[in-house]
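First subunit A sits with subunit B, and in the next complex the same chain sits with subunit C.
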Partner chain A sequence: MEETHQRKKKKVASFWSWVVASIIFRLILIYFPKNLNLAARPEVSTPLTSLRRLAEGFWLKQSSMSPYAGSMYHGSPLLLSLLGPLTVKRIEGQPNHLFFSLLSVIADVCSAMLIRATGKKLQMAYSYSLKSLGLLTQLGSSEILSSGDIAALVYLWNPFTIVTCVGLSTSPIENLAVILCLFGACSRLVPLAAFGWVISTHLSLYPAILIIPVVFLLGYGPDAPPRKLFMKEKYSKNLDESPSEGLMQPKLPIGFSWRPVIYFVFWALLWSVYVLVLCSISLKQYGGLQEMFTSTYGFILTVEDLSPNIGALWYFFAEVFDFFRNFFLIVFHVNILVMILPLAIRLNHRPCFLAFVYIAISSMLKSYPSVGDSALYLGLLGLFVNQLADMQFSFFLFCGYVGVSLLSPVMHNLWIWRGTGNANFYFATATVYACLQTILVVESVSAMLNHDRKLRKLRVAKPEDAKS
Partner chain B sequence: MALLQRFIFLLLFMMTYQLLPCTGSILEEEFTEELLLKPLPDRKVLAHFHFQTKAPPSSSNGRHHHLFPKAISQLVQKFQVKEMELSFTQGRWSYERWGGFDPMPSNNAKPPGVELWAVFDVPQNQIDASWKNLTHTLSGLFCASINFLESSTTYSAPEWGFPPASRNLRYGTLPREAVCTENLTPWLKLLPCRDKSGLSALLDRPSIYRGFYHSQRLRLISTGPGLGGMAGIILEQTLTVVLQPNGRRTIVAHSGEAPVQPSWSMSSIFGRKVNGRCVLAKSSNVYLQFDRGLAKELKNHQNENKDSGTNNLASEDFWNNPGFELSVKPDGVFEEINGLHSESSSVLYKFSMEKYSESEPCDLSFKWKIPVVWSCKQAPLHATRFLMGSGNERGAIAISLKSTELTEGFLGANSVDDGCKVQVNIFQVVPWYVKVYFHSLRVSVDQQLKAPADVIEKIHVSPSKDKVSPGVMEMILKLPCTVKSASLSIDFDKGFLHIDEYPPDANQGFDIPSAVISFPKFHASLIFPKDDSLNESPMLSKFQQKNPVMSYTEVLLVPLTTPDFSMPYNVITITCTVFALYFGSLLNVLRRRVAEEERLLKSKAATKTNRLSLLLSKLSAKLRGKPWEPPSSPQPTSSFISSKLVLRVILVAGIAMVWQYYFS
Partner chain C sequence: MADGKSETPTEKETPKPKPRPILRLVIFLISQSFLVSVICCTAGVLALLLLPVLAKNTYISENALMPGSASPMISNQEVLDGNKLVEDLTNLNSKYLDGGIESQRIIAKYMSDLGAEVSYHKFHPQSNRFHPLHLFSDPDSRAQENFSCSSYGINTIGIIRAPHGDGKEAIVLATPYNSLKSDLGESFSVGIAFSVFSLLSQVTWLAKDIIWIVADSRYGEYAPVAAWLKDYHVPKFSSLSSGNVEMCHDGKNLYELKGKSITGDFRRAGTMAAALVLKVSDRTEELEDTVSIYAEASNGQMPNLDLINIVYYLAAHHRQGFRVKVERLWSLLDCSLLKVLGTIIEFVGEVARSLNPEWKFGIPATDYVEGTATLASSLYSQALGVPTGPHGAFRDYQVDAITLEFSPKFTSDMKVRHNDFFLRGGRLIEGVIRSVNNLLEKFHQSFFLYLLTSPNKFVSVGVYMIAFALVIAPLPMIAASLYISANNSNSSLKQDKSTLSPYPVADEHSNTVRSWRWLNAAKVVFIIHLWGAVVSLLPYFICQIPDLTSTTSFLIWVLLSVLSLQVLYSILASPFPHANASQPQEGDWALLKSVTISALFIGLGLMSVINFATAEIGALLLVPTCLLARPLRLDLRARSLRSFSRVICNLVLGHIAFPPAAFLVVKGVFSGFGSANVGDFWNWVESLWAWNSATYLYISMVHLPCWVLCIYILIHTC
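== the complex of A and B ==
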């Protein structure tokens, strides 16, 4: 007992030292001259998240023009009034955007902490449900890893996250909002969940689909094995009436509780009205909300900017015949929406994992993807280390990610800067990247379903073991 | 003699017009033709043709005109054009060598390609429609692709940056438009004598297009609706060419010194002579102008040679001037009245074309006797513009202003006073695919970075909207008089276009139109003494106007990245494959069942579907006329499938038949 306690303490200490190391590493990178030019990389800053465009929007607003005049800024007006002043402030002898960089470091650390807290909740729920199924001993031959710590460290030390944090983009803040939403829903803090959901939707539209996992989280509670297993458990308990099983806690995650969901809807409405009012106040003398929606959501949905990024859509829409443009816009956006329902049906007992899959899908198919989005879902992937232990192709995926992130800048350089390459080379890496993400999503979903199957098998086998 | 002749002719002219039925109006349509020749410091000659046609505001002749081109008057009536200027230019005016302060460069030096601006007299909401119609009309009139200015991405509405500051102004340029004879011929058609007689007969196509600079301009000023609603219109057509006289016989007079400038004559530079005037013209004159610098040099030379002589070029002894020799005796010599720049003044020789005829053509020739080196007067600051950065992702535009000897001389006197400032207006239009970050504007004066607010007095930008409108930047800079150099730079991102938006030769790059730099406090005017014969000249009265000094910067060529034009199909198919891969594999994982789940599902499904399949198999058996046998486990599926197949085929065939029946 003493030994495990000691080990735990040691583990916690090492965790914090790693966190501090990651902060120091970020600070060192910030103090590199010109931020290593990361801010100009297409992988890091998209038209939606670039701080340079935000500064332009702020400048336009300062010179009493609409920030959406021209096609430079496509972000939220709230972000403009919060972060705008930071883009102008300078300290002599310090990097140009020091304040903003510090803010993104803080956002990253906050995200990591929230991921850790969410992971703790999920881990507790996992071990609890295993215990209630009586499978802890069979499955727990190897101990349950503390997924929160792993996920937080994966998030903090992921090169994608670091690059995004140092590269002056607003992605860390968008990611923080998404994680806030998930954390709120996991720990049943309804107003916080609603706040996170509203803000993340307001900032980047795609997290709107997270409403489904959030509702499941609030209704059913955190991730658990399929409810049918528990029903069987209950059934067998009633049949046996054995006193030994009476020790099992009586409250089992069965049934959908509507109360928190209704609260959530109420809070979401409240927050969104609040956000919209704030936006309309800050845009009163310009185009108003109409202009904001057309140049933020409209810009996202119509894929107007064809500058290269790591997604596949820019090149497609640069090449596709104008006549079919609208058709393909609909097809690609519907592609995200179509998978929502099947996934929700199949994974409704695992809302957090569902949220991860949704985030991964939207960051793969979104119109202006950046590595910041990948950083978010790769961090969340760490939350499911226990369940996804049997995932296939994980080494292949790892190599693929490394390869693409090394090749893509090379191809970009060849095409844009040297003029020796061709657009097709860069597009090929983008295609490969999309394929890798597809494999990751498919394999993780498959591994999760297999994990459930394994639990069921064990559950079915267990009574027989008991009888024999 | 000439004057008398001209007077008699005019009298006759007036009389014939008086005899016409409509005698109501005193004002008559007039046409004047003038040619200004000017030797340039770098062994070249400037020829500036100026034709002016005036239609008075009257409706006495109905919709018809005597001299005025009907197409232009209809255009003015229809689109309510108040003022308009269209220029076709090939080559670049060299401000350093050919001067930047005179009325000539300020008014007549134009950016390469086509430049069009117009002020309309219509309500704000109709201006764009009028502009579009105007561009199409002009494009038809001048055989040029001016209609490309119709698209809102190519024209802009400057507020105060471009000189005729008006809210109804529209401004557009096409830097890459090639100018050739096909544009000159319709332009000449607007003249009453075309190029058959008068000064325009000098316009021999091969010789004028051989020049270093060629700018053909058309300017309209409508003087507002007159009595019967017909507007009075002044149509000003100018053609400015810089030609190189044949310099093969360059004589090195004094070794060690600069060679004598090549002598030239009308026949040597144009290949033609003037066969008298256009009979419809009210006046027809050729002027020879000496620049201030040149006049000063010549005067100095004269003084050196004979100390006793009058130190006046304008006096009658020009004939035996030691510096040069003219083949024709001028009809008048005028010296510029000049208060500000007292050190020297420009000299003008006038030659009237009235006395010449076919049998006695005029061939004005100019022969240098001594080598003369001089320089033209520069604008206060010499402006150049260039691109910075490499690669096809982003870059910066920089405008650099360098002081010239004018600022050093003229402003240096005032430099004691600290409050002395030079005002510079900058007007710049950038196409939308050059996405300018206005917050990145950096200003440096004398190599020291300044806060933009210290130098920029007023700024107005209208940022570019993708595929909708270009970016416009108007600025007023206030620089200290002692400034040696100043520079402005602004960052931009290069846009990525759809493959259809690239021009045929996409790898050549895209042009950013010239910026307009003007100095509102400096006026380029040449004032000659009030003389009756000079007052009549529209060209010289044009020179007397107090226009601000203006210059155009270079056109910039921006290379943009190109996608692969050859294989859109590959991109479409590959992207769609990736999407299909995602969709298919994910759906497959979601609906895949492992062994025991499969069995469970089958037993469940059996109870539901069995009845239907039984019914169908019975039906198919009946149709085949075979006794129905209850299916054993593997068979029913196969028979069921086949019957389903048959049904499907029948259904499709039926639909096809119905389709054929109804739609054929």
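== the complex of A and C ==
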């Protein structure tokens, strides 16, 4: 007992030392912004997240013009009032956007801590439900890997996260909002979950689909083995009533509890009204909310900016004929929506994993993707380390991610700077990247389903063991 | 599926559903990986040797160029003017020892007499100091260095505004000229350029402005052109940096220089469509007048093939009497092996032609040897990543440029031959400029990625990539098969154990970690690559120490590298707490090799996009080394002929693939082992980073780490 305690202590210490090391690493990188020139990379800053555009919007607003004039800024007016002053403040001899960089470091660390807390909650709930099924000893791995720590470290040390953090984009803040929403839902803090959901939707629209996992989380509780297993448990209990198993009677809510969901809807409405009022106040002299919606959500949905990024849409809409444009816009956006329902039905017992899958899909199909989105879902992937231990192609995916993230800047250089390549070179890496993401989603979902199957098998096998 | 479905059916008792055909193909390839990789590598080397045979004739791809459609207009009058300038310059040279400013003034006067806008451009030679972060940033964003006022050069620039142009486009003529110590060749090049320039100041067909830059080459030929291009493309807004250069002139000189239409302001024309660098060499060993074309810019970039085509077309088809040459490796011309190969290929070609007259792929043996020598030189200078002349500076700004070096066969005292030579050289350049003048867009029709095997033959990217792809094709296959076998052997081991062990729980656990076991190997590979990055940064600090010979610098570098490897390994190499790596396992080296090979594959693939030639040479060295690597202990234990030969191969390759060793061997082969010295390697590497060559990064961040990993596998205890 003493030994395990000590080991735990040691593990915690090493966790914190890694966290501190990641912060120091970021601070070092912040001092070379000119040399690395990350803010100009299309992989890091998109038209939606670029800080340069935000500064431009802030200047427009300062000189009493609409921040959306000239199609430069497409973010939220709230970010403008919160982050705008930071873009102007400068210290002599320090990097230009020092304050904003520090803010994104803080946002990253907060996200990591929230992921860790979420992971702890998930793991506790999961091991509890396994215990109630009597499967904990069979799956002894749960006490060895604390998924929260792993996920937090993966998030902090992911090169994508680091690059986004140093590269002056607002993605760390958007990611923080999404993680806040998930954390709130996992720990059943309904107002917090609603706040995270409203803010993240307000900032980047796509997290709107997270409402389904959040509702499941609030209604069913966090990730658990399939509910059928618990029902079997009840059924088998009726057959042979042994007192020892009677103590392990699963107390998990089998049914759907509507109360927190209604709370959530109420809070979400409240927060969104609040956010909208704030926005309309800040845009009173200019176009009002109408202009805000057209130049943020409208900009996202109609894919106006065709500058290259790591997604596939810019290339496609640069090629497509104008009279087909609307049709394909609908096709591409429905693409995300089509997958929502089947996944929600299949994975409704694992709402957090469902959220991960949704985020991965939307970051693959969104109109202005950046590596910041990948950073988010790769961080969340770490939460399911125990369940996904048998995931196939892990090595292949790892190599693919490394290769693509190195190849993409080279291809961009070949196209833009050297002039020896063309747009197809860069788009090829974007295609490979999309394929990798697809494989990741498919493999992780199938690994998760396999894990469920394994649980069922163990569950079926167990009574026989007990008899023999 | 990598470890699930690909288990061979013999191992599985239970019949499995047949996988899809493509997967079956992959599984087949992986199971036969040894044979496939041997075939692929041999085919790759053969394809490389066959490249001169596969080369196609060049053709002018852009119709708008229309070379030679107009008759040359340059006349004796212009040639005489040019000759006069040469005479003035040579007289001046013999008169003053410090003729620096004076010759500039004469050239400027000649230019302004033609009605051109003349300006001077002062520059400070960029000291080629190694700065690690410069390798990643584009040339524009580099910080200004502090200059000393004592050393600066002056470029003279003349611009003719095109009568039909809108000033948006320009063609550049550049002639390096050392005003302090000029030789006759440089004067001649200025003379030829002036003849062309004076013609162009009169013609009416000009649609693009002509810029003639007489680059002050007292600090090398590349530096003045690069400095001028930088100022041309990156306007200086801050008064600090622009004042920096202007502030430190010594009053008198610059005012003397300025005349009525001559200014020290920076003058610009439009974007550059193409640039020609003219040089006349003093060597007179040639039997006929020749033009050598130098095209390689930094990092193996080449100008558009059309530019070379025009020169070749005009020189060869329009009877200017020039023989066009591109560089070749002379030592290869006497290589008997190549001669034998060439004869074989010629013979095969003849046999094929006798069978079917339609098949025409054989080339004469001499052509083959010459083609190979040219190809080797092309590969070598691309792989170095160091530009072969001032034209390299243009490519950094996406301007297609070549250097034309004229080698006259006359001795310098024959006056009549001068005029003739000037006339023909002038006609050639006039023709090229006229073609480029016709161009409506940038050069884009023809190839950018090619290798030359002779001035009129090229191998395009689609062909030479096959050779490279064949060489690296075994890498992913071997990596996959190793990965699978490592996992399988481990799981079978586990199964044996689990039948004995009373604790199925532990087995369950190790089984779950199994599919992530590669993480440990990946960590080792990552650490070694991180060390590679550290090694690549070390010279920056070594350069700060003053007064070091190249040999001692090299030794310090090696020492520090070994030290940093020790430190990094001891800090970071502690195995993950949860993985059961405390007891070394059988499959460990296989996994490590698999990850190493994957890393090498990624690295070589990347490098082939950046600089093909480096990747090809690196692949020829590293691919066999990595594929053959296997712990020596295992092989020695086996005591069979096969394992013994593998040990010998491993030892030889392990020595050769080490970059300094490879360098010394190559140098020794070409220039005798007596002169080879480890300090040379340091000098060579120094030149690489001074030119911001990606080859340097490749060597330190891909080649060296992979070599270290191979050695690590060789001495692995298992």
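Basically, the second predicted complex is superposed on the first by the 460 of 468 C-alpha atoms of A that agree within 3 Å, B and C clash if a C-alpha of one lies under 4 Å from a C-alpha of the other, contacts with A are read in each partner's own complex, and residues count from 1 in each chain.
Rule of thumb we're sticking to: a contact is a pair of C-beta atoms (placed from the backbone, for glycine too) under 8 Å apart; a residue touches a chain by one contact, two chains touch by 3 or more.
What you see is a predicted model, and the numbers here were worked out from it, not measured in a lab.
By the touch criterion defined above, A:312 reaches subunit B but does not reach subunit C. In the superposition on chain A, A:434 makes contact with subunit B only, while subunit C stays out of contact range.
When the two complexes are superposed, the chain touching more residues of subunit A, out of subunit B and subunit C, is B.
Of the two partner chains placed by the overlay, only subunit B lies in contact with A:60; subunit C stays clear of it. When the two complexes are overlaid on their common chain A, residue A:417 makes contact with subunit B and with subunit C alike. In the superposition on chain A, contact of A:390 is made with subunit C only, not with subunit B. Shared-chain residue A:342: touches subunit B; no touch with subunit C.
The residues of subunit A shared by its contacts with subunit B and with subunit C are 417, 419. Listed in rising order, the residues of subunit B touching subunit A in the complex are 390-394, 432, 435, 437-439, 459, 461-467, 471, 493, 495-500, 561-564, 567-568, 570-572, 574-575, 578-579, 581-583, 585-587, 589-592, 594, 597. On the subunit A side of its complex with subunit C, the touching residues are 11, 32, 34-37, 137-141, 144-145, 386, 389-396, 398-399, 402-403, 406-407, 410-411, 414, 417-420. Listing the residues of subunit C that touch subunit A in their complex gives 1-4, 133-134, 136-138, 141, 143, 301, 398, 442, 448-449, 483, 505-506, 508-509, 512-513, 515-516, 518, 522, 577-578, 594-595, 598, 601-602, 605-606, 609-610. Residues 40, 52, 55-56, 58-60, 63, 65, 69-72, 304-308, 312-322, 331-332, 335, 338-339, 342-343, 346, 364-365, 415-417, 419, 422-424, 427, 431, 434-435, 438, 441-442, 445-446, 449, 453 of subunit A touch subunit B in their complex.
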